[in-house]
Every structure is written in structure tokens, then in C-alpha cells.
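Order as written gives the chain letters A, B, C and D; numbering starts at 1 within each chain.
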Amino acid sequence: MSWLSGIFVYQYIDMLDINKIREDFPILKRKVNDRPLVYLDNAATSQTPKQVIEAIVDYYENYNANIHRGVHTLSQEATDKYEQARIKIQKHFNAAKPYEIIFTSGTTHSINLVANGFAALLEDGDEIIVSAMEHHSNIVPWQMLCERTGTILKVIPMNMEGDLMMEEYEKMLSNKTKVVFCNHVSNALGTINPIDEIIKKAHGVGAAVLIDGAQAASHIVADMQALDVDFYTCSAHKICGPTGVGMLYGKEEWLNKLPPYQGGGEMIAEVTFEKTTYADLPHKFEAGTPNICGGIAFGAALDYMHQIGFKNIAEYEADLLAYATSELLKIEGLKIYGTAQRKTSVISFNIEGVHPYDIGTILDKLGIAVRTGHHCAQPIMDFYKIPGTVRASFSFYNTMAEVDTLVEGVQRARNMLL
Amino acid sequence: MQIKEIQEEIIDEFSMFDDWMQRYEYMIELGKSLPLIEDAYKTDDNIIKGCQSKVWVHAELQDDKLVFTADSDAIITKGIIAILIRAFSNQKPKDIIEADTDFIDKIGLKEHLSPTRANGLVSMIKQLKLYAVAYQTQIK
Amino acid sequence: MSWLSGIFVYQYIDMLDINKIREDFPILKRKVNDRPLVYLDNAATSQTPKQVIEAIVDYYENYNANIHRGVHTLSQEATDKYEQARIKIQKHFNAAKPYEIIFTSGTTHSINLVANGFAALLEDGDEIIVSAMEHHSNIVPWQMLCERTGTILKVIPMNMEGDLMMEEYEKMLSNKTKVVFCNHVSNALGTINPIDEIIKKAHGVGAAVLIDGAQAASHIVADMQALDVDFYTCSAHKICGPTGVGMLYGKEEWLNKLPPYQGGGEMIAEVTFEKTTYADLPHKFEAGTPNICGGIAFGAALDYMHQIGFKNIAEYEADLLAYATSELLKIEGLKIYGTAQRKTSVISFNIEGVHPYDIGTILDKLGIAVRTGHHCAQPIMDFYKIPGTVRASFSFYNTMAEVDTLVEGVQRARNMLL
Amino acid sequence: MQIKEIQEEIIDEFSMFDDWMQRYEYMIELGKSLPLIEDAYKTDDNIIKGCQSKVWVHAELQDDKLVFTADSDAIITKGIIAILIRAFSNQKPKDIIEADTDFIDKIGLKEHLSPTRANGLVSMIKQLKLYAVAYQTQIK
């Protein structure tokens, strides 16, 4: 249909012109403590290009309206743009149907939606499997589910490098296994998990699989149909999009099986005080006025990323990672946590005898933004018996010069603190 | 007449109007001439989803041709379905399945063509074509 | 503390300069179908002043970062602004504590949070009471609760004017009553409900009260402590704020009683695979990365509204309502649904023999945006035995001239359609 | 010395530095001179909430004065709590309760004063004052 055309302009640039790309990000011109901002907290949230900011402004200045069921032009325009964004997301993730993409307020919301739904499908004694390197958002909702249903939670262990022990995983699987949930990429370690294999093995015993793609989405294009995954989720704010919106992919058959999560407008077909029937997908899971502007800006963010090209991004980020890793390792006493073969551009580290918080504080004074702490992955910290790490996470708009600034900064912090 | 010819005829008629008011008034007129569905067929099963107003459509095979009747509780919707029925009724299922729907655009109803429109024009076309597909198999 | 100062500048203007106010709303300059936009769908979503759009742009251009636990400057700035927004909301609603304000993704989310929480507190045979004029968002979550717990749902009936029958309400109350939930203002009728009385009576039998303030918030300042209400909620997108964010007020003691709703980052104190403990208020209910920009812009929207002055807004909107009501009633066959004494500037109507959808369509052709349909309040439509209504809802940026355009438009639609 | 005087002294000391590095280095030095809490008091109960690093504080009444000891696993945090303890320890509960905390701002640690800061300086002040309130009642 004509209104769909022109959505995807994949324009692969062979070599990234980083300076030009940086022009797209107004915030990168900022000074922090009188120094140029070096933003290396991309795994927490990515920065927002002007193309996305413009999409947001365009929405509020030109066609802000409540969507669906509206007869007037603004409402129709907003609805069209919102549904076009859904289709952009569908194409990006190669989902079979647009209505397999559910807009949520973020990864946490998505996982809760699924975990809550399974409460209706699981029985006492059923088992679910989680990996040892999950974000709290992919642990706590399932623990809450277990409390409600008497389901048993099993944990795939990891080794010191930060790789999952797949033999252990295989041993855990049985016909009692009902759901396996695991992140595509670990936010604290950067490990890219073998989700292909995890999914296949789980399907072998008839279990459903949810993959938390929050950390993967800005680095790797996941193909829903090729992976044959049952659920996949991510947050827009980590992919150059706005805060407050995310997506849940669910296979049609699973989305039909799960009961609705929230009740409200939009998600119903018919309401009387005696009986309410639910609407079709995707509306069944989209109660209330959604983050309309957020959904549209999420689509704009994907457009932007495709314009840069995910292949280019991956190659460039691999270079950043390799360079930063080798430079950081030159610092005495510096230890990197997460040394898996397959990693995204995330480096978690500590310096012997120094608390990560101290390093983060000194780096901030130097204009360098890193994250310190447990990164909402306490079990990983417990595993390594550390209070936390310093995490530097790189994006395609970071430069090699910024890596140098980081390394100098860490060196300087070490000198001050030891 | 073939679907294509009827559509040309409709385009011709609409091309005489130079503003939306005339077009809508004509559409409302057409609505009044809609071959009405029998009350017995005004069932929930025959309601087309995705419209803010109610639209019922019934299809019947007469010889090798498909005949549509319809109704709606809103008059503009009635006009729209009347135009569609004029173009598609009394035609072979195969021709209905293969028919273009560009003429909607050409008579100035493009604004109704988005699948998200509350009036459900897209759903109506889809439903007519689905009937054709269903009856097509019946003929063989 | 110094970082709090300067948040509230109440600058009451005695008479509203509507033309000047309209300059604040870029969208009002738009043309629809070659005519100036007349936006009368304010009850569905309000328009966004440039002050709020600027707050959004400022966020993404200058201090976009993930909040809480971040050591670096951007994260601190974003956290401060976000928490300042919470305090703006607290002051606006006169809540006793800032942590009694929970950020949510909107009213629907807020109500689901509360209804889900009560699932842990109610027993088979307990009763909950709803009004006959609720939005689906304040019906369906409670129906889902009833299904889960065996709680009984009772309905306060209304009369033809659209007033609740308070004697019936009193009769329903008993020591079995555990929750009463009711909107402050009906979105389909505009009725301002006697929530003061509803709350007092409910408290008389020990029941908690949730007031859905989605429609009230842009017209009436609700005082949490004076009302002594247990829960109150609204959505930012209906008060000149952005989409995808809202708030839930809950009395501290109730928020402590309710179990958490979603699991994830931020809402925990300690996570191990064996046991998880929850964080203090408000974090217990704010799992995952929130709509950071949305929360901040919500605060900016309240600042804007206070600058105009809620008293001024209420007075002016009352004038708009009175004028529009008397002019519309001059049209033959026009009937208004919702004729309560106390109403906000919402007019739901039909013309005899004409479907609301037809009127809405013609009005749209004339550049006038109204809503048609059941307004997510099917029980009200069932009560009046109508398929829906045309709803014109006025805001402080609408003009008397726009009322005239509406009336002419409806007249013209009537002539065409009958 | 009175709290006020100690604070002036601290302000004087810090005023000698003209960049943050010197200030932080001095703070780290001060951290090293912190009156350390006994291991027996390093319990979860004595941890101050709202800090990314761990901070333990213990308070003891000696005659009519409150004596604080503390520790932290992060050295900058240790420096901060050391400064606070220098200002507030060995003082009467009443004086601690009434004491100003403006000096934090004046020694260039203003950035740590927001209640949302991960280092929890605000929580630390609050905790010291809470101890003072608790022991105040004990004296009477």
C-alpha cells in the first residue's frame, strides 16, 4: 500500500564518517566539568540524534492526537504514523506479522507482561530456566511468577570468562521445562550469548523462549523468523530512541495463548459490567493511551540506525572494543570482567585495591561518563565476589581519541587513589 | 459490464464535482440506493470489523456471479459500501479477486484508504474479496 | 534545599489573553482540509505548548542519561530534574510526601497497578464498588481482579442527567466493601462527581478509594490531603504534557501495603536467585528505566498550567461551556448527554436520526476535530441506548469564535445528512 | 572547638586549593585519618542507605558528647565522611542537631549536595543528625 512506501531507505555507507555522525548528536558538544563530554555510558542509555528529536518535535507541533477510533484528520495521521512505526519495527526484526509487535513502555514492562501471562499457563512443579548473567529485569518478574505459581527456577551457570556453561543447560532441560529466558547480550559483561542454540535446545523439550534483547538491539539485528524465537524484547532508549517506549515481539500463537496483562481502553472488544471480551492482537496487550510520540520516534531511531548501517556499526564498534581492551589492559592492576570470545563493545573492569565508585567519580571530574556499580546484575557481582565494576560502553559515535581519554583518565584516577 | 468499466463510470461521475461537499452529497445519495441486505442477514457474523459504524454485508452466488447486499447505520459508510458494491456486485468471484481498487483514490476518497481509518473502507474491500475467495472454491 | 528553589512560580494572570496563549501552541496554526484547525478533542488528548516541547528538546540535547545510581554528571542532572518533577507533582496535588507520587506510563497503568495489588489483599466474597460512568480503564482492571479473587463488583447507578445516585451508593456500602473506584470527572459526560462525599462514605465502612482523575486534572486541582483520598491518578498527555507518562498518588500506608506490580531494575534492594527484597517507595513501584524525559516534561506542563492559572482556566472554560451549550441547543433535534449541574467543558451530543460518525466525518472536512463513538465508556452508551455520541471538549486555548465554527459545522452536517 | 569553628577551619584549609584535583587529593588524605569504626560495628544496621559504596557509621555517647567512628569501602566516600565526622564528632547532640551544613558548599563539594547523589552525602548528614536526636533524648 502506498502509505507504506519510502519507510526503509537502507543506505549503507562503507566507511563511517564519525565526525559527520557526531554532528547528529547535539549533546556530544556539551562540556562537563569544563571538559568535553566523553560519553561512555551507552549501555545504560544511548544518545539521541537530531533526526529523532526532530521527529518528536514534528509530532507535537503538527499532529499530536489520540490514536485509533478517531475520525478526525490529526487522529488519523497520528494513527498512521504510529502503525507505520510498528511496521518499521516489524521489518527490522523480520517478524512475520505487524501485530506480533507489541508496543510497551520498555524491556522491563515487556518481560513483566510475558511473565505475568505465564502465571495462567504454568503449574506447580513446572520449571523455568534463567541464565546466571541476567539483568534484574529478567530475574525479578520470574521470581514473582514462581511465588505465585510454585514454579521452580533453575539457573544456567557461567564460567570465569563470562560464558554460559551450555552442557549444564542441556542437563537442566526436561519435559518439565516450560520457559527459558536469557539475554541476548549481557549488560554487565558484554557477552553475546548463543541464543540460537539456547532456543533450539529449549524447543527440543517444548519450552518457550524469551530473549531479552535490551543490550543487543543497538549492536545486532535479530531476525525473529530465522531465530524462531518465541519472545524478544528491547527498549528504544538504548537504540538512539526516546525514553518510555519499547517493544515486545511475540509469536502469534503465543500471544494468543497469553491472557492480557493490563485492562483498559483499546484492549477490549466489548465491555459491560457483566462481561468483557478482549480485542485482537496487538491491541489485546496495549491497554490505554500508548506512548504515541515515543512509538513514532522509536521508528525514526531505527530509520537513523539503518541509515548508518548496522553492519558498519558492528565493524566500527569491534575496532573500538579491541583498541580499548588492549589499551586498558596496559594499566597495572586492571582486570576486565567478561572476556568471552563474542562480545559487544562493553568493558567492565576494576583496578586492584580501588573501589569502582572512586574511579567513576574521578572520571566524571574529567568529563568522562562511565557507569559504576552492580549494573542491575547483582548475581554477576556475587559470582565474581566484587561490589561492582566500572563499565565503559562504546557506541558508533565514540572515537578512538575518546578511548585514549578514557585510558589516560583511568591511569590518572589510579594514581590519585592508590 | 466489467468491473473496470463500472469503475471508469464511477470515476467519470465523480469527476464532475469540484469540491468535497458535492462528492459527499453524491455519496450519500448513492447510499440511499444501496441494495439493502435482508434483515435476517444483519447478524453479528456479517458485521465488518474495524468500522466505527456498523456495516453488514451479505454475499450470494447467483449462477456464477456473486451478488452483494449491505447496510450500515451511518449514511456516509453506506455511501462507501454502495460504491464498492456497485463496482463488485454481480461479477465473477475470480474477477472480484483480481480487481484493482485504484478508483477509490481517483474519486477523491484516498483519505479513507489507510488501513487504520475508522470507517474501515480497507476492511470492506478485504471482506468483499474474502467472500469472492470463499465462493470461488465453491464454484470449482 | 537550594536545588528546589525556583520550581514554583505561580503567576496568576487576571484575564486570559487567549491570542497570546494560542501562540504557545504551534499545532493551532495548522490547516486541516484547507481550513484552520479547530481542535475540540481535548478530552482525548490536550495539545502541547512550546514550553513543554522545549523541555523535551532540552533534555535530549543537554542531559539525556539513565537516572539513579549513576555517578556521572549527566546522570545526576537527569536524576535531579526527574526528582524535581516528582516534587512539582507532589506540590500540585498537595501530597504529604514526594514518594507518595509514583510515576507511571499513564492512568491505565496506574489503575492496573492498584487493582493488581489488591489481588493480594482481597478475599472471596469481598465487594468492590464502581460507578456506572467509568472509562474502560477503570472497569476492566477491576473485572480482571474479580476473576482472580472472587470479589464481587457492584455498580452505582446514574440518572438520565448523568448524575450518580448517591442514595443507592450508600445502600451498597457495608463492611464487605473493600475498594470504591470512581472517576473525578466523566470523560463521556463531563459530570464532576461528588468525590468528597464518595470518599467520606467509603471511609466510613473502612474501604479504600481510588479516584481516576484523568479527565479532571486539566480542569480542577485536586488536593490529596484535603480529600483524604487513598489513590488518585492522571495522565500527562491530557494536561498539556507528553504521551507515555502519568502519575499515581497513593497514601504512604496503602503503598506500603500493596505488593509491587512489576519486577525489574530500580525496584529492588537486593537480588539473589534465592531471594529478592524490594526497594523503598517510590522505587518499589517504578521498575525499569522510566520515561525520564516524559516525567520531566510532565513537570514542565504543570509549570505551564500554573503560569496560566487553574482558576483562570476554570472560569474561562465555564464560559466556553455555557456559550457552546446554549448555541448547540438551538440546532433542531440536537440532544446533549450529560446535563449535570457540575460539569467540565465537555459536550456529548447526537442529532436525531443521524449517526455520530457521520457528523464527525463532515466536521473533520471542515477542519473541526471532535471525537465520535463510545469514548471507551460503553456502559454509558448502553445506558442511553445509543451507539455513541459526538463529543466536543474545550480547553483554555479554544476561542468563542471556534464555538461558532463548531455550531455552524454541526448545522451544515445536519443539513447534508438528513 | 565548636562545630562552627571547626567548619571555618575546614573551609580555610580547602580554600588553599585552586583545582578539584588538589581538593580531592586532600579529601583522600583526610579519609586515611578517619577514626575507624570497630569491626564489630560494621553491621548491616550501621550501613547508610543511598550510597553506592558502603558506609558504616557508629555513634557513642562519651559524657555528654557524641563520638562518631566510621568506615567506607570507597576512599572518596571515606574522605567525605571523615570531613563530616571532623565537624560533628565530640560535640553535644544538641549542637549537632542545630548545626548548619553550608560549609560543604563552601569547600567545593556542592555537587554532592543533591539528595539524589549516589554518594549519599545528604544521607550521611541525615544519619549523623538522627543519631544526635536519638542520643539527645537519652541524655535527658
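Rule of thumb we're sticking to: a residue touches a chain if its C-beta (ideal position, glycine included) is under 8 Å from a C-beta of that chain, and two chains touch if they have at least 3 such contacts.
Nothing here was measured: the structure is a model prediction, and the numbers come from that model.
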Contact-richer chain pair [A-B vs A-D]: A-D
Gap in Å, rounded to a whole number, between the CA centres of chain D and chain B: 79
Separation of mean Cα positions, chain D and chain C [Å, integer]: 45
Rounded Å distance, chain A centre to chain D centre (Cα mean): 39
Contacts with two or more other chains, residues of chain C listed in rising order: 33, 69-71, 73, 357, 361, 372-373
Residue list for chain B, restricted to those that touch at least two other chains: 52, 118-119
Pairwise chain contacts under the document criterion: A-B, A-C, A-D, B-C, C-D
Partner chain B, residues of chain C touching it in the complex: 33, 354-355, 357-358, 361-362, 365, 372-373, 387-388, 416-417
Contacting residues of chain B [partner chain C, same complex]: 20-21, 24-25, 28, 52-54, 73-77, 118-119
Interface residues, chain C side, partner chain A - complex: 26-27, 30, 32-33, 37, 39, 41, 44-45, 47-48, 52-53, 56-57, 60-66, 69-75, 105-109, 111-112, 115, 130, 135-137, 139-144, 153, 155, 235, 237, 242-245, 260-268, 270-273, 276, 287-294, 357, 360-361, 363-364, 368-373, 376, 378-379, 382
Complex contacts: residues of chain D adjacent to chain C: 52, 111, 113-119
Residue ranges of chain C touching chain D (in the complex, touch as defined): 1-3, 67-71, 73, 76, 79-80, 83
